[in-house]
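In the part that follows, the structures are each spelled out as structure tokens.
What follows is a pair of complexes built around subunit A, which joins subunit B in one and subunit C in the other.
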Partner chain A sequence: MKKLESRHWAFLGLAVVVVATMLLNFEPKLDISPEAKRMHSFIDSLPAGSIVMVSFDHEASALPEIKPLALAFLRHAFSKGHRLVGIALMAEGTAVGYRLMDQAAAEYNKRYGVDYAFLGFQPQIIAAILSMGESIKQTFPRDYSGHEYDSLPMLREIRKLSDISAVVSIADGNLATHWIEYGRARFNVTVAAFVTAVMVTSYDPYVSSGQLRAMVGGLRGAAEYEKLIGIGGAGRRAMLAQAASHLYVLALILVGNVIYFASRARKGRG
Partner chain B sequence: MVEILMSRRVAQIVCAVFGVLLFLLFFSNHPTAKAVTLTVTTQYWQVIAAFALIVGAVSFMRVNFKSMSRKQDAPFRAVGLLGMVAMPILALGWGIGGSSPFLWVFENIQAPMQSTVFALLAFFVASASLRGFRARSVPAAILLLAAVVMLLSRSWFESTTSNILMVTSDWLRNYPSMAARRAILIGIGLGSLTTSLRLIVGIERTWLGGNK
Partner chain C sequence: MDIGTIIAGLLTLAILSFLYRDNPVYKFAEYLLVGVSIGYALVIAWKSAMMDLLLTPLFGQGDWSLVLPLMLGLMMFGRFHAKTNFISRIPLAVLIGSGAGAAVPAMLGPRILTQVSGSVVPLVGNNGLPDWSGIVVLVGVLSTLAYFFFSREHRGPLGVASRIGTWFLMIFFGTTFGYTVMSRMSTFIGRAEFLLTDFLHLTR
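Our next item is the complex of A and B:
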């Protein structure tokens, strides 16, 4: 058998830390960040019945982080009585968005076509946003299930992006910037975003300038949002595992540096 | 006639005309301008995207068939090709709705596989933490310290979070990180603007196969 190297032990340790902490099924108490509070009060501030467009701008690879974020938002929006129009500007977001909207809607007894609708995927992000600014019906003549646009009652009152109260982009990359650069700049639509943790700093300048109304990021953001709406979810369940793996990584950094400086001191003496 | 149509000058003129047209349309609220925008974005742009998809699909098949004929990673390439052929068949045959085989394959095969590959990044981070992330110099030490502060601030729970830690991590995000991001964004904006202008006026010709 091939001898295990230091990195293999590091891998094994990480797997043990994540699995063991997930099995503990312990939900730690969290402080709520200002970002999560801002998003929560923004969704709260919209009058009941507002039409919010949810854009699933992500791939399936980010699902463990995106799904808790999306579900937390959908539950909050449905609980406030907002009407949601789902779309996907990345192909893989289509099936994910369709499923998540159905799941959250069922929890709040929302009716398809009246309280929510899912229009499906449209390629060419910039073109899709620009054309929705002129006509959503012409951009999506049918919904994801093949119903004619005008056959769904809630869609009859939505002609273009300016009829939408806000767009919420659920993104794992920089797609939300297109909503800011074209949706907001050209059609003055309010944009908010739920993004993966790695993208948070990319959007910080847009939040700071007010171009992005609110942003929640990562699994930690999902956990905080779940706490704000008072519903348990995958975000809170994974918090201990995430924190433990962060501390494990910090321990590895410490060990690596101790070894590095010790070997440097030995070389210096030699 | 074909020679004229295939010449690079025609392609350059089409590029310049549409570049200027889309630029002007973006700033116009005239009904005609809006109608043209709608036609360009819902029809022309999508047709071009469809052709790009065909090019991508054909290229994917050619590369994989060629490698399979050379017996390079043949089983993996066969799985890739199978997926590419099977998914459209499932979608066209049984639809893409709630209980369709297409959605079942996506949710039970494609999504878990992609999430797994993405999750492997955690193991690379673990390995890099042990073997690469070292305070070899002053800049590296500063970067390391910033990373430690950010990780700790995102790992602590209620009433255990040090106020200094939170204030420091917020400062890192709001000042050094934000300044760098803004500089990058402005750079990208200026770069995009310059490249677009070069394309429109015909200075940039690499998309036509270079300056030959």
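Our next item is the complex of A and C:
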């Protein structure tokens, strides 16, 4: 059996911290950030019945962050009576998006084809966005389940991107920038995004310049959004574990530095 | 518990076993992930792009305008043989030409011009007091640009500005790294929640 090294102890410590805090089943106090409030107000400000395109632009590996974010948004949008058109610009987002939309729609008794639809995946992101600017029907002749585009009542009134009130990109990479650069700049469609935490700093400049109408990021953002719409979810449940794991990382950094400087001082004396 | 949850739980544990050391169980889970991801992407792309956009309209509905993209697509396969390699340059030229044509205005507008105009903000607020966030944006943009100005040696005022720019860059990198740690922790917490709740039923 291999001898345990320091990194093994660090991993083990993290696992203990996360599991212990999750077993506590306690939700800490949470302050809502201006970013989450901005997104919430934006979705609220759309008139009931607005058509919102949800683009699942992520891989399956981002699911722990993407699922709470997407569910919080979908629940809010359905509760406000918006009609949602789902698409995926990354292949792995297809099944995830379809399942999440179905799950949220079932909670609000929404009917497929009337209140929401899922068109599926198109490769070549830029070409797909430009093509939807001309005709969504030509880009997606059938939905994900194989129904003809015009056979779904809500899709009959949507011909191109300009018929959409807003596009919400749920992204774990830079795909939302394509929505800004091609969807917004060329077809004047409003773009908002729910993104993984790692992408927040990449999108912040677009929020500041007004090109991205609103952005919510990471598990923390999901927790804030869940609180804003008044429901429990994976985001809020994970906040204690998230805070504890960050404190644990800070402690490791401090201990590592103390050991480093102490050993350097000892060598200097020796 | 359904079979999907059992498989997902076992595969999650298999992937986490790498934290101890590389092992055959981890390798199996890793190869399975790569294989399933590629297989799924191929099937989805075949149905969404090849069938719905090309083959069904062309051969099912007689839309002969699609012969040209079909031919260009087939010419791509010329790359697989040295003697026919030159054929693939034609569809590549179309792809690069159209791609660059679409990308250049998109890059110039939203990525540069709008971002520049977005950073031009009033330095004095409506109440007559300095707007510190605007001042920080101005100093940050100018000093960071100074850091990337390599046509003159970084001495004197340019040296001071570039050193300030370095601080802004460091703050940006630190923030990005912090968010990256947060993201990775979230991924682990997500899997831990799945294991504890759905797989082991230890929490609700």
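Throughout what follows, the second predicted complex is superposed on the first by the 269 of 270 C-alpha atoms of A that agree within 3 Å, B and C clash if a C-alpha of one lies under 4 Å from a C-alpha of the other, contacts with A are read in each partner's own complex, and residues count from 1 in each chain.
The rule is simple: contacts are C-beta pairs under 8 Å (C-beta built on N, C-alpha and C of every residue); 3 or more make two chains touch, one makes a residue touch a chain.
These numbers come from a predicted model, not from an experiment.
In the superposition on chain A, A:Gly210 makes contact with subunit C only, not with subunit B. Within the superposed three-chain model, A:Thr201 lies in touch with subunit B and with subunit C [touch as defined at top].
By the touch criterion defined above, A:Phe78 reaches neither subunit B nor subunit C.
In the superposed pair of complexes, A:Asp102 makes contact with subunit B only, with no contact to subunit C. In the superposition on chain A, A:Arg184 makes contact with subunit C only, not with subunit B.
In the superposed model, A:Phe118 makes contact with neither subunit B nor subunit C.
Looking at the shared chain after the overlay, A:Tyr225 reaches neither subunit B nor subunit C.
In the superposed model, A:His246 makes contact with both subunit B and subunit C.
Of the two partner chains, neither subunit B nor subunit C is touched by A:Phe56.
In the superposition on chain A, subunit A positions 11, 14, 18, 60-64, 92, 95, 123-124, 130, 139, 186, 197, 200-201, 205, 208, 218, 220, 242, 245-246, 249 are in contact with subunit B in one complex as well as with subunit C in the other. Touching subunit A in their complex are the following residues of subunit B: 26, 34-35, 37-38, 40-42, 45-46, 49, 53, 96-98, 103, 106-107, 110-111, 114-115, 117-119, 122-123, 125-127, 129-136, 144, 147-148, 151-152, 154-159, 161, 173-174, 177-178, 181-182, 185. Residues 6-7, 10-11, 13-14, 18, 28-31, 59-64, 92, 95-96, 98-99, 102, 123-124, 127-128, 130-131, 134-135, 138-139, 144-145, 186, 197, 200-202, 204-205, 208, 218, 220, 239, 242-243, 245-250, 252-253, 255-257, 260 of subunit A touch subunit B in their complex. Subunit A contributes residues 2, 8, 11, 14-15, 18-19, 22-23, 25, 60-65, 67, 91-92, 94-95, 120-124, 126, 130, 139-142, 177, 180-182, 184-186, 196-201, 205-206, 208-211, 217-220, 234, 237-238, 241-242, 245-246, 249 to its touches with subunit C in the complex. Those residues of subunit C that touch subunit A in the shared complex are 19-21, 37, 40-41, 44-45, 47-49, 52-53, 56-57, 99, 102-103, 106-107, 109-111, 114-115, 117-119, 172, 175-176, 179-193, 196, 202-204.
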